[in-house]
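Two complexes are shown next, each including chain A; its partner changes from chain B in the first to chain C in the second.
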Partner chain A sequence: MSAKRSRRKGSALVGVLAWAAALVFFFPVLWMFVSGFKQEAQASTDPPTFLFAPTMDQFEAILGRDFTPYLLNSLMASIGSTLLVLALATPAAYALSLRPVPGWRDSLFFFISTRMMPPAAIILPLYIIASNAGVLDNVTMLALVYTAMNLPIAVWMIRSFLLELPTAVLEAAKIDGAGFLTEVRRIILPMIAPGLAATALICFIFAWNEFFFAVSLTSTRAATVPVFLTGFITSEGLFLARLSAAATMAALPVILAGWIAQKWLVRGLTMGAVK
Partner chain B sequence: MTAVVTPAPARRRRGPGPQKMPLGERWSRRGPLLPALLLVLVLTQLPMLVTVYYSLQSRNLLRPGETAFAGLDNYAAVIGDAHFRGAVLNTVVLTASVVLLAMALGIALAVLLDQKFLGRNVVRTLLITPFLVMPAAAALIWKHAMFNPLFGILNWVLSPFGVERVDWVSEHPMFSLILMLTWQWTPFMMLIVLAGLQSQDPEILEAAKVDGANALQTFRRITFPHLRRFIELGLLLGSIFIVNTFDPIYLITQGGPGQATTNLPYFIYQVTFRAFEVGEAAAAGVVVVCCTILIATFALRVISSLFREER
Partner chain C sequence: MQPSVRTRYAVAAGLATVLAASACSGAGGGGDDAKTITIATVANPQMQDIEQLSSVFEEETGIDVQFVILPENELRDKVTQDIATESGQYDIVTIGTYETPIWAENGWLAPLDEYASDPEYDVDDLLAPIREAVTYEDGLYAVPFYGESSFLMYRKDLFEAAGLTMPANPTWTEVAGLAAQLDDPENDVAGICLRGLAGWGENLAPLNTIIHTFGGRWYDEDWNAQLTSPETAAAVQFYVDLVRDYGEDGAANAGFSECLTATSQGNAAMWFDATVGASVLEDPESSDAAGLMGYAPAPVMETEHSGWLWAWNLALPETSQHKDAAWDFMSWATSKEYISLVGEELGWTRVPPGSRASTYEIPEYQEAAAAYAQPTLDQIANVNVTKPGLYEQNWAGVQYITIPEFQDLGTRVGQEISAAIAGNQTVEEALEKAQQYAEETAQTGGYQGG
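== the complex of A and B ==
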């Protein structure tokens, strides 16, 4: 009886601690979200203003300030690269799992090692090559760079999903005389569809949030949402409410994608090593 | 979310060994792999070779006519450059502090989340959010809303403790960056450790309880040894990513005041795009890659041990 009560007390304590930690960690995000609905004068007060009449002014101002081209560039670069990643990574993952090439292990580790390469070490040649080829400040170029950046993660993730397919099903398909294409289209792809969706969300998250390549390889025509935010570096003037509105719009797509994909997030972050 | 590792690739699926496989079969198996391999090679390995080549040349984009072979001069110049050595030191301080703090907090939060309590899924969702917020947006929000000396939240929270009007970014630039990055990376560590905790065999934990082990003993003797590889993986992957920190440095401190928070990626960015010193930037890049390879070798070893586990 007393053991039970102390356990219940312990679990209440755990709950309180966990909720407190969650609120501390979430507060900056909440504050960003809330401040976007303020007037500038309400956003920069000491002590902070918690009660106010919400307004959409800042969001309208941001959308009026040429935010749309940045948004479109971000969408094209992230969605384009994600689709290309899936198209390239799915066959590659197949060739590294179900019907492996000789030396598949080396290829697998080669992929993962490229993900660990510091972007700063290759930015200069990429810049010079892009500049000579006339594709500097070009969304397609940016999408290709993001594809190379995300391919290793996607190959590892999709491979880990392929390896979870029950062998019996694959063998049954062979016995029933299913050809290679039928096997892929009717059995493998439908079964790993949730895995492909998870992989797509992870790749989208990384591409959407990427800043270093975007700020180095684009300037006016192909600049993405994070590059738009660099307009808020200065400390001069009152613009916290407007910054919050812009940051909210910039961050929201990935926050939602991440919440949806949270079950698979750890698999993506550790390249399939941890599930 | 419970299982640990990439399951073992079943051997019987592998078919005959590479020597016995006919040539046509070998290429039909390789086919699907090649497009992905080619793209990654062209966009990452080729530029890396070019970087190595540039690092051996004296080359400035502003003086295109004066390119010449320089041998190891750029490496000597970079290593002799006090700014470069400062950047190395800043990188080490920043990475080590953030990785260790985020891991300590991540373990604590993962242990909490491994218990049952009301609203556990909501708490987990809230806790992973800092990692999802676009880093550029998060950096600017921290700079202007949290760290501001006049109306920042940090000063307001600390005001009951006698802290007043601290200008965090200019007075404590490194601390500010470490705080912001720890906030951002704790969820990453937490998720990895949590996956480790949840992959424990419940029967072993039950057996420990039956044998009369208390919670602390169970944690020290059973849980911690099981978690060790997950913690190692988190530390190594975290280090590899955090060494490359760029967004908050560009957006919060611009590497300053002076060079106080210039880390290696920001140093290379400046040498490349502000001074256009191609040779030196490339040499600095090669040095960074060598350091990363050192960490990555250990990371790959841990990944491959997780990978082999279920064989």
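== the complex of A and C ==
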């Protein structure tokens, strides 16, 4: 009886702590969301303004600035690169885990080592190549850059999911006479689907939020949402409310994607090597 | 469980659509059409107005205008990158008075004299000091969109309540005395707001005008750094003491925007900054200080006048493929006609200031900007860009030095000053490092002995 009560007390405490932690992490996002409904002067007061009459002025101003092309460009670059990453990373991860190719350790290290070079170091050659090839300000080019950017992390993640697969299941399938394709399609892919969903979401978020390549390689046709966002930052005048409103709109697709992927995500993030 | 056939078709169709969509070059407008021009610009309020009004130009001329809007530093990087690699993505670029002579020297900008000589454009109407700042070796390389100097903004009501008066031509010593009397930490009112945020376009802008008027300078005529000279050291010590004793809270991180917020919310009795700050302070919608402000000339010490000079300008990159169409837009955006258009469509307080003398003769503007129009004009007219202090300079610029290395040098020196304002080091320590940076820059840049 008393043991039961103290357990209940304990779990209530954990619940309160979890909520408190969640609120602390969520507060900046909430503040951004709230600030988007303020007037500029209210958004930059010290101490901060908590009570105010909400206005849609900032959102209207943003929509008046032709947000749609930026949104479409971001969607194309992010979704396109994520699909390409999954298509390339899954076979690569397979060849580095379940049926390791010779030298798989070196390959694996090579993949991750490409992330060790800071983007600033490769932007100039990349820019010159793009310029000479005539693909500056081109969404396809941006999608390819994001594919290259996300590929290493996707290979590593998917590999860790593949290693988790119980070998007994794979062996059983083989004994039952399953060929390679059947094994991949009916056993492996369904089993790592949560992992693939988690990988896809992470790649999508990285591509969606990427700013440096986007600002360097695009101008009018292929500019993405993060580039659009910075267009509200000015050295002369107040801009916090409008920037918050724009950032809220920019975050919506990611929140939506996260919400859709949620039920796979928890499993995907807790399986594999990162536990 | 296997996905149904229908799901699989839906997924395949979705994939195909996305891949097909990303095979095109992008959703944004713009093209290689001769009738489309691309302008790269900063996001300042005046530029947002021009974006809004550009449809008038598009209807008149049939030329399509695309805007790339970025923060100042990203824009500078991006445009430099584009021009240096001759990518030719931009037909018009927005640049400051600092970049104009440097880029003109590099051969990146098309000369505009021939275009601007059109009598209808009335190039002689441009304010002389601003025009001089965008001129390189007698050639005009940019046209000013709006310009500014700096002056002292103060709260008339607080002065009255304290029984103080602002002298007609204040000295910095007088201003420091006033700041001491007006500083009221209990009521959250700083005596004076001054920029402490590190950056050549932030804390160095007001500081350098003070260095000039104290009789100091960055370099002598042979490019020997002068940052530890007694005059320069006295000016920097004065600035740091003033902002530490009677300045705003968190001064080391306060720039133009922070001081603007503080002053407009009644948390500063004085503010020495850009003349364009006045138009925001006088807007009742965003400022509690509207109607309460007075404006005095930039305070002085050894010189007759002080105050910086800056303008945002439109320039034509040599790499542009549509130079004539680009000039059509540039001349429209810097014309008298455009200034009237802003006044009529958006309100007279939003008119781009400090570019044309004729702006200050428009009765509606005189009325709307009564409090600060004349002080702004006088302040700009009194700037001497080649001799802002006691000495003739090798360059034309008040708060900056027109060498490419200054961006980096200015940022580093600005950081040392900011650290002194934060109290992390003394002014002597800051200036010793600054002097060393400046000396190294002059040597490696090949300016000394040249």
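The rule is short, and it goes like this: the second predicted complex is superposed on the first by the 217 of 275 C-alpha atoms of A that agree within 3 Å, B and C clash if a C-alpha of one lies under 4 Å from a C-alpha of the other, contacts with A are read in each partner's own complex, and residues count from 1 in each chain.
Definition applied: a residue touches a chain if its C-beta (ideal position, glycine included) is under 8 Å from a C-beta of that chain, and two chains touch if they have at least 3 such contacts.
All figures in this text were calculated on a predicted structure; none of them were measured in a lab.
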Contacts of A:Leu88 with chain B and chain C, given as first, second, both or neither: first
Touched partner set for A:Val215, first chain B, second chain C, both or neither: both
Which of chain B and chain C A:Lys263 touches, first, second, both or neither: first
Partner chain in contact with A:Val34 - chain B first, chain C second, else both or neither: neither
Chain B versus chain C as contact partner of A:Asn138, first or second or both or neither: second
First, second, both or neither for A:Ile233, with chain B first and chain C second: both
Larger contact residue set on chain A - chain B or chain C: B
Which superposed partner A:Ser44 touches (first chain B, second chain C, both, neither): both
Footprint overlap on chain A, comparing chain B with chain C: 44-46, 127-128, 215-216, 230, 232-233, 235, 239
Chain A residues within the chain C interface of the complex: 39-41, 44-46, 65, 68-73, 76-77, 79-80, 83, 127-128, 131, 136-140, 143, 186, 190, 215-216, 218-223, 227, 230-239
Touching residues on chain C, where the partner in the complex is chain A: 1-2, 15, 18-19, 21-31, 38, 40, 42-45, 51, 66-72, 74, 78, 81-82, 85, 87, 89-90, 201, 255-257, 260-262, 264-265, 267, 274, 276, 280, 285-287
Chain B partner contacts - residues on chain A that touch it in the complex: 11-12, 14-15, 17-19, 21-23, 25-29, 31-32, 35, 44-48, 88-89, 91-92, 94-104, 107, 109-114, 116-129, 144-145, 147-148, 151-152, 155-156, 159-160, 163-164, 167, 205, 208-209, 211-212, 215-216, 225-226, 229-230, 232-233, 235, 239-240, 243-244, 246-247, 250-251, 254-255, 257-259, 262-263, 265-266, 269-275
Touching residues on chain B, where the partner in the complex is chain A: 1-7, 9-10, 13-15, 17-18, 21, 26, 29-33, 35-37, 39-40, 42-48, 50-51, 54, 109, 112-113, 115-120, 122-138, 140-146, 148, 150-151, 153, 155-156, 183, 186-188, 191-192, 194-196, 199, 230, 233, 237, 240, 243-244, 246-247, 250-251, 254, 264-265, 268-269, 272-273, 278, 281-282, 285-286, 288-289, 292, 296, 299-300, 303-304, 306-307
